[in-house]
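Dumping the structure here so I can ask a few things about it.
Letters are used for the chains, namely A, B, C and D, taken in the order the chains are written, and counting of residues starts over at 1 for each.
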């Protein structure tokens, strides 16, 4: 940690600050500069809360040298993590495609989709039973009935099931039916939920908050990991920027960045990021080319009748075509499907 | 609703779309343009979910004419709402100042602050007992013990208590001790929590999500209102932008905007928005000048020892000075403290 | 154009607005809604300035149906444009790679790079002679001497030269030496410069402003096209968002979007977007997978000694390796190098 | 400057980096940490270009301790600057109001406005003769004829004239007619223009780029100052964020921030920032309450007929009312008009 003192900090104030830091068990070096005095605090004490550093009135600012997350960091765990999902694996050489409807509508709908995506080569089936909706007047999901349908589709096809959980209290219920617990973008800072899925034995698909810095995203993963659950899958799904032509701005550069900073597998969700069907296939390809371990996609037999997110949903035929394209692309970046 | 058809939509497709709209009970007018055909759908049917409109493949885009929220809108409820808080009122001519520590640390700390802010003229005491923290290694609050301390301070000073609730399941517990339930920026899209506070009889202080559009903010308020709780206080607390010199970007223009769009009272939180003590007083003044119904501030007897958010916390003396300044300012914009 | 009148607009005000619109030569249809009256203005009159519509006090807002650009739009010119560059072509099946130093430092440096990138298969050589620098204390480029060196490298290798022009007055000078005039992100709204390059007979490589909406970007292209220069190459180079881990946020989704909206070729600049060497190769691959017509890259024999932008610059060896990777990737998305 | 070496940097690489730094005339201290080695470079050498630090491949990142601007910084020039404008002064106790039409339309229009704003107490008259317009099809200004009209209005009323200059080559022409040269938001990074106005003897009103960090804004001011022109007025005019309800997001917090970082006077432009007439008066008041030295406003006798920017333009009556409100407000924040 580098502590930049205010230009008018007195010798006594600097000494007091040095003492405070050494009381925390760190070594210090005082750097007397031309316009500023700077204290370097040496030692790895990430458990000192960040606020300790900044609250002193004689401090202008502090600059951390180490990342605030540990278990999520590649520096502390260099080997790449692969997440086992019901016999499959995410994060290895094989690229994993997760597909399914935005929301569970009926048994027939889900089964039709499940069989189709299975046949096309998907790794897992996604589907929403509990839906976080911006408007109280929008459809909120079939809830437990939806989970039952998903579980049935899983049994029929052998596909693992990915579904979102909205609150800590739902974790046991959702875990009964699904193989991967999804934490959505609107819940990335629901820390009680992060702790609850951290205590679960199911893998967690953690979507990046739409305005989360990478550090905050990895700290959210750290919440899960620090509760004892090692199976976290990171997922970029678009951030909020000034761009209004798409629903969000897909920030694909975070794929290689997350790979550098962390050992966890990284997925991309081009459906929610773009919000537009025609943009999903090129961005799915771009995600794989950027090094993503997979993509998660919305598909529906009749997108024009989907209850939720129709405009960004691929038809089964479009999905099949995309799978064929990805199968061609993967080897060109030393991956396979 | 204005429905812009794709340039290549056929007559049959246009007629099919018109039929779909009329089946929803709306009247339609077809506007045949030079490059596009546009269908105007007439009637106030906000209960049709927004996704109905966009999922048709022959539709290029749709443009809503009416806001998607109703109960929060000034158009449907022109008279300004005032929220009663334990004998006080927020949203009238009087500007309300809510102040207190970021987090409850001890009985002594809270009582000292409570007496000081009461004396300086605050309307209510704020304090965090359950804290949403970005890092799992940061202090997470004293929890119920913190609530007990806050309630005691409320009894001793007569100040109403404002404190954050993190999850639907905590609503009964927190309600036992506090007068106003705060929903934080990280929970503005925790829809289960919004519903739960909507079923409570306590006023709700709803902070804007750090990346929420105004429409999304008012839809969050609509979640609370639509459950039967009419007492919602909106609070701007800074948004996430490219600016890195402050913790967030305080968007004060939303104060007069929210006043135009909604009948609900509007607060401003300059402490979290700026993250820097010296910027809090000028932005508190600016908030009142912009028409806010009050500000919510972090104060601490010794900001340099505050467990959380010290850099943005006013000392009791700074708070007193700011109250004096605001007392001078308010009449110049036809308000009082 | 859809004109939404204010809820309290009187019949007379609505009639007055209808008359104003019809005086502009458009047909109107009045849509009398439950809560709003809306006037549809029919006809393609993009030459009516946008401000005409919004300045009436009885108008709540207006919604354009047609894009404000014409010559840049694919709707009005469906066939894809290819830009001839000194015997080469950009925008066809072949992916074009433009590479070179951020700034011209010396004859030796440029010649070494030119030969290396030529051999590796680059389409053109880039290099900065006039440099827009954020700080007045940074190196501002070798100016005309730099152009002479670039022209020499072009002669020696046969590579076309791409270099930035900073102001309208420099257009003749820069045109004497280079084959493609680059307009940088900081000049995308320098409308006098856009007009000047529009009057030139050199192709224009137009970088997107770092905070430009797509519509504004295409209007900047329209400035060039409307002066008679049909050879505009669009280039995405990262936008300014809240992300601080990279220099900018590369918004690759604009590649397929621009392809839908416009007939112009689209390049991507992963060097400036990411600002970090290790992120350039994955994002170059992702750009091609997303459908870009090429990438523009910074390379240097010794990036650690580059005068400008060293951290994002590839070594010649890294560039060679990336070319080989792209050569493998291109056929998997039906392109070639 | 703090130089964080990569975790795998060898002793030799660290020594090589230390030598490079010392060769630049700085002292170094090596901080050997648990996970990283850090080199502190001591001395004030802002003339070393920022890129020197970052281009070394063994460096993870560098953290500047000092701001990169000097002449604009309050640290190096503690006394507040006041800018003389044709007998008036901006930046002192008196708040300065600059008002006028977005664009010069005719002699009658300008004279009517000039007399009205003079009478209401404005410090100067603004008006656009050369207009930067997003669309090539929009009105581009009356050019020199517009300047002549402005100069005439200045003579008749005694008001100093503020008008925008678009390119370095226009500086002599515009200077012939006006008292303050305005550099618009789209030109804040037009460095040739900044240098040209820096060589002028006219005060410069420098608007913040819509996506400029404060540091970049102050570096733009530094361009002007470093050419010998000490009279720079900073102006916040809204930044580009995800908010779509207003034209831009007015970031008022920069007012007290700029006052801390710099000695230059600070204006606010609520007209362009909000884009909406009804929001201009509250934000003008908020600007003054936040500590701004003045506001710059668009006014027009008939906003509904203004050629440009009508929706955000105040009528003369609205302007008069706002002036009365500001006159009441100013003393409450120890200012006057």
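Convention: contacts are C-beta pairs under 8 Å (C-beta built on N, C-alpha and C of every residue); 3 or more make two chains touch, one makes a residue touch a chain.
Predicted model, so just to flag it, every value in this text is computed and none were measured.
**Q** Using the touch definition from the top, what's the fewest steps needed to get from chain A to chain C?
**A** Between chain A and chain C, the shortest chain-hopping route counts 1.
**Q** Determine, using the mean of C-alpha atoms as each chain's centre, which chain is farthest from chain C.
**A** B
**Q** When the centre of a chain is set as the mean of its C-alpha atoms, what distance in Å lies between chain B and chain D?
**A** 31
**Q** Could you please state the distance in Å, as a whole number, between where the Cα atoms of chain B are centred and where those of chain C are centred?
**A** So the centroids are 39 Å from each other.
**Q** When the centre of a chain is set as the mean of its C-alpha atoms, what distance in Å lies between chain C and chain D?
**A** 26
**Q** Going through chain A residue by residue, note those that touch at least 2 other chains and give them in order.
**A** Answer for chain A, listing residues that touch two or more other chains: 211, 240-242, 244.
**Q** Looking at the complex, which residues from chain D come into contact with chain C?
**A** So the residues of chain D touching chain C come out as 46-47, 49-51, 54-57, 68-69, 132-140, 166-169, 186-187, 189-193, 195, 210-211, 216, 219, 222-223, 226, 240, 277, 303-311, 313.
**Q** For chain D, which residues count as touching chain A in their complex?
**A** Chain D reaches chain A through residues 2, 4, 7, 29, 31-36, 38, 40, 42-44, 63, 65-66, 75, 240-242, 244.
**Q** Which residues of chain A touch chain C in the complex?
**A** 211, 213-215, 239, 241-246, 249-257, 260, 273-274, 278-279, 282-283, 285-291, 325, 328-329, 331-333
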